[in-house]
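These are the structures, in structure tokens.
Next come two complexes, and both contain chain A; in the first it sits with chain B, in the second with chain C.
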Partner chain A sequence: MTTTRVVVTGLGVMAPNGLGAENYWAATRNGKSGIGRITRFDPTGYPARLAGEVGGFAAEEHLPSRLIPQTDRMTRLALVAADWALADAGVRPSELAEFEMGVVTASSSGGFEFGQGELQNLWSKGSQYVSAYQSFAWFYAVNTGQISIRHAMRGPSGVLVSDQAGGLDALAQARRQIRKGSKLIVAGGVDASICPWGWVAQLASRRLSTSDDPDRAYLPFDAAACGHVPGEGGALLIVEDAQAARQRGVPTSYGEIAGYGCTFDPKPGSGRDSGLRQAIQLALHNAGLAPGEINVVFADAAALPALDRIKAAAITAIFGPYGVPVTAPKTMVGRLYSGGAALDLVTALLSIRDGLVPPTTNVSLAPDYGIDLVIEQPRVGVLSTALVVARGYGGFNSAMVVRAAE
Partner chain B sequence: MSIREVTVEDLKRILRESGGANENVDLEGEMLDTDFDVLGYDSLVLLETAARITREYGVTLDDEAVTSARTPRRFLEFVNGG
Partner chain C sequence: MRRRVVITGIGVIAPGGSGVKDFWNLLVNGETATRKISFFDPAPFRSQVAAQADFDPETHGLGPQEIRRMDRAAQFAVVTAREAVVDSGLELTALDPYRTGVTVGSAVGATMGLDAEYRVVSDGGRLELVNYEYAVPHLYDYFVPSSFAAEVAWSVGAEGPATVVSTGCTSGLDAVGHACDLLREGSVDVMIAGATDAPISPITVACFDAIKATTPRNDDPEHASRPFDRTRNGFVLGEGSAMFVLEELESATRRNAHIYAEIAGFATRCNAFHMTGLRPDGRETAEAIRTAMSEARVSAEDIDYVNAHGSGTRQNDRHETAAFKRSLGAHAYRTPVSSIKSMVGHSLGAIGSIEIAASVLAIENNVVPPTANLHNPDPECDLDYVPLTAREWPTDTVLTVGSGFGGFQSAMVLARAEASVA
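Presenting the complex of A and B:
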């Protein structure tokens, strides 16, 4: 394995509290939430009624009309986020070698809203009313497919399906591909399943908050923790071989993907510990960093006491009680599933760039967790490393370390 | 074969609904003999178009025949039983 340095050179964000990386970051620094009562459909009668919706996005303003009939909302968000990331990185794909560029995304639900519509057509009108585009608009790899087609990126590509951990897994796979010879990978995740069918599927996890108060519904590490609020959106990042980026004329990057680790939990009921702690240790080891060299941890934030305890325990075991600042600004946007960890990684890079850790809004830290949770105000100071942690439903644990650009 | 004939205007409308409109192409001009690739409509769009025609006109169309029609003229000839 070579020690090719892999850096992030462009960001494209679709968040419930901001369209575009700078809008998202400005809102997040100021504690501005994008969570509210669902408007996409009437949530009356459902046990959970709040979500982080991406507002103000009109696909027709950003994409050619040809792509509209054949794409689910999540693909439209992803295509535009990819466009923005490429523009941010100053990349014109047509000027680079096709087989040296690839796309790796994470997905947790595929095109649910599109699929729901076609199921409705099938059962209410008949099979002739099912769109030909259903053949691909629903599946998990479609964001990768559409992005790679749009930009003629014919290099190694793929999709990771590991719920909230997927974003980190996709970025890790991007780094792997670059170390194997690819020059540039568009990587990250965007999810959108705020539709009745998607909602019912999410409710089945029994992890959704049933509160109606946007400021009291999603409270990780708080004594009143009662589940999470789902959201839509995510982020796509341009990941490059550091050398290739320099040759392209990019003077600096947002930072380096320095380390990664992942584990899978043991079978429930086995009595064995979650693999989360080990995932973090693997990431630190992979980055060649000691716990004391990590400046901030972006937590996964399930906001259910049993799960919060596992997280806090893993963090304190490695960093010591109150040993490192911990934050979960996702209280402002919700859990974005495959988009969540990608957005956390963007947040980590911007925190390093600007020397500011955004707060975990609305939360009063419960005393028994022993973590130094950043609440109420952002915390200012020089940051050069960050750890992002993500856990996916079903047992996925992933951790990634990013480091400031040289 | 369909009872109502599918006109050029009908086809243009259904193509637009199925596959959007290529900004670089003028569907209003002479396009009957322009290759679908040039117009920006791939085989999936043609399948989607055929499905909509089936719904609106009641005629069932063979998938392979549909996707082998290279131009709007050929497509209409096939659909209208030419």
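Presenting the complex of A and C:
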């Protein structure tokens, strides 16, 4: 039962450099950035002023008007991403058994902008001005709930919160549900907290880049690394039992979720090493692959020297110095919280499909990391496997292996 | 061969007492912990009642830095997790840390911290562009509540899978269900799993006011939570945490641990109906119950006690009563059903785990806790809800259910470990 093959059959992407999987991929393979000065509020006076904002998204064009007042921006993005992913997979949910479909999303901060509006109503006007929708529009479970309602998916579903690692954890949970008997899961993560209150909270992490130059602000593995640029958006994927997908008439999938592992770092000051290496090894073991069989690694890309060193050390320990191509195309979109790793997984699947590894833009590799970082230009070649690594604030380490469909 | 998961350690913080013993005493005595809100002046709010926990972090061993850094909900989780580990007798430091994991359920995360900090940085809501210079250094831990899982993992030394499960008011059941999955698939040997929430903040009270989900029975707070009673008119907000040590039956038996119960079956479904509404026919809850019973390999007649969601809203009480009849058939009329929310309120994401604790203690003591304040049964609710007084009752197998905003419906079957040995 646990050997059920689980494949990805549909992609829904909301990225700062492209709406929809193909637009995102066209931008990413060409090194086109979506990072710029914040437009969603006036960032003057804040120490960090750049973000990866999803531009050109008009929710009204995609969603019924009754959903607009009751949803945060991240939920609107997620609802449309789910629609696109289902369309891409050629799924009509009404034709599938309702208890065999589910939704598993990751969340980091919920509908924070909605929450800011209602906190403001409460404290500047009074409790009777708080919206009736506040009871669910901001909370972490909202995307799963709204997507399940929109598509009448009534099977096992869930919501996980593990900061930037959450996107992979949600996909792993989707695979688990498929192996327990579900046929189809909408899985991934979408976050959007580029609002003043969300910005203050993100600044508190002390990991944000304060540069004003979009090309110099987010430089993982570079000697000039100075923190990251946050972004919004993410990806939702259609995950299916490979056999069920075939029976449904899906000719080919984007690839198989072949392996997963996760660990949590020891308490700072304990003297013990990060569990990142162990997470990667668990994922490889779970996929039944040796390090030499991995064609490319998508790095987490904290862009803080201490964290980049841990990442590079784990990669070189497992794959050897310069042993595997490593890339971090999130330099074009920023770190998307729960959406980040889900989008990386999409990028990995499209890289396998097209035999092309997108570059880590703007970065000059600092010599002491010992990794084969793909910079400047995309790298072309046949790919059949990829490893995606994600790390969440506080010590969450997740790793996932995808493999080309047979 | 299926790995069987058992509970070998429990830690509880609930309103009306601290620790497992106080919690159970409150329940069997049918006492209530619902009072007028004292955390802030509730006068401007429609509902002014809540079940607050009497909790002093210092007496529970938290240091000044931990107290400053953690939201109240995180403090609860760390304390109950440590209690559960001590109770289990496990020496976690002697085990492979990568094989110990953590799942913490929470519906609303650090709402108390976020509400308070928002007021500080926005000058009481006057500034739209809030002033970052006044933010506390650990604001990011409030922003993303995965910090709860991080704090628990650090405090017990776990380095395996760690996550927060946030499925609204079924979080407490789903977090434990998730932990069972990890144990059964063999990813871990031990899970520290449970849930926490500390939602009694002005913003949470205001948002439930706005949809009239909470009771306005402000003149009689001690009797304000009245599930299945004709006069009920909304739930009473609560707070607290329950965390458990879960391990495999075999390893627990080998180390001669006290086994509270086996987590024999678990299932969750979505109603895909409404973000806050419930279908009156109880369809998806019934489906979750049937699946959980089938996983547990028990039939309706084996269920000795049903720990109901019983939030005290009319729509829930009808929904749930229908679901029990749909899934248990005629046995629904014979088995006792009760709601401890009548006594400890509704602590959102935490309550599912607190109710697992109550269910396990019912098995341990062969006593079924009552539904307090049930004087005038609603004619639409015609099951045996154990009104007012606890009942001595042979209890080997318990069904506990939950229902959450977002449409989540979850069910878990807990069984006396000896009784489940085939």
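We adopt the following convention: the second predicted complex is superposed on the first by the 405 of 406 C-alpha atoms of A that agree within 3 Å, B and C clash if a C-alpha of one lies under 4 Å from a C-alpha of the other, contacts with A are read in each partner's own complex, and residues count from 1 in each chain.
Going forward, contacts are C-beta pairs under 8 Å (C-beta built on N, C-alpha and C of every residue); 3 or more make two chains touch, one makes a residue touch a chain.
All values derive from a computational prediction rather than experimental measurement.
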Q) Should the pairing of chain B and chain C on chain A count as a clash or a fit in the superposition? A) fit
Q: Applying the touch criterion given at the start, work out whether A:66 contacts chain B, chain C, both or neither, answering first, second, both or neither.
A: first
(Q) So in the superposed three-chain picture, is A:30 touching just chain B, just chain C, both, or none of them (first/second/both/neither)? (A) neither
Q.
Under the stated touch criterion, which partner chain does A:394 make contact with: chain B (first), chain C (second), both, or neither?
A. second
(Q) So if I put the vertex at the Cα centre of chain A, how wide is the angle out to the Cα centres of chain B and chain C? Nearest 10 degrees is fine. (A) 60
(Q) Applying the document's definition of touch, where does A:278 land relative to chain B and chain C: first, second, both, or neither? (A) second
Q: For A:247, select first, second, both or neither according to whether it touches chain B, chain C, the two together, or no partner.
A: neither
Q: Scan A:131 for contacts with chain B and chain C and give back first, second, both or neither.
A: both
**Q.** Of chain B and chain C, the chain that contacts the larger number of chain A residues
**A.** C
**Q.** Lowest inter-chain C-alpha distance for chain C and chain B in the superposed arrangement, angstrom
**A.** 5
Q | Contact residues common to both interfaces of chain A (with chain B and with chain C) | A | 70, 128, 130-132, 135
Q) Can you list the chain A residues touching chain C in their complex? A) 2, 41-42, 45-47, 70, 98-99, 102-103, 107-110, 112, 115-116, 118-128, 130-132, 134-136, 139-142, 144-146, 148-149, 151-163, 166, 169, 173, 176, 180, 193, 196-205, 262-267, 272, 275, 278, 337, 392-396
(Q) Residue numbers of chain C touching chain A in their complex, please. (A) 44-45, 97-98, 101-102, 107-109, 114-115, 118-119, 121-122, 124-126, 128-132, 135-147, 149-150, 153-154, 157-168, 171, 174, 178, 181, 185, 202-203, 205-211, 213, 267-276, 284, 287, 404-408
Q.
Per the contact definition, I'd like the list of chain A residues that touch chain B in the complex.
A. 64-70, 128-133, 135
Q: Over in the complex, which chain B residues touch chain A? Could you list them?
A: 16-23, 40, 44, 47-48, 51, 54-55
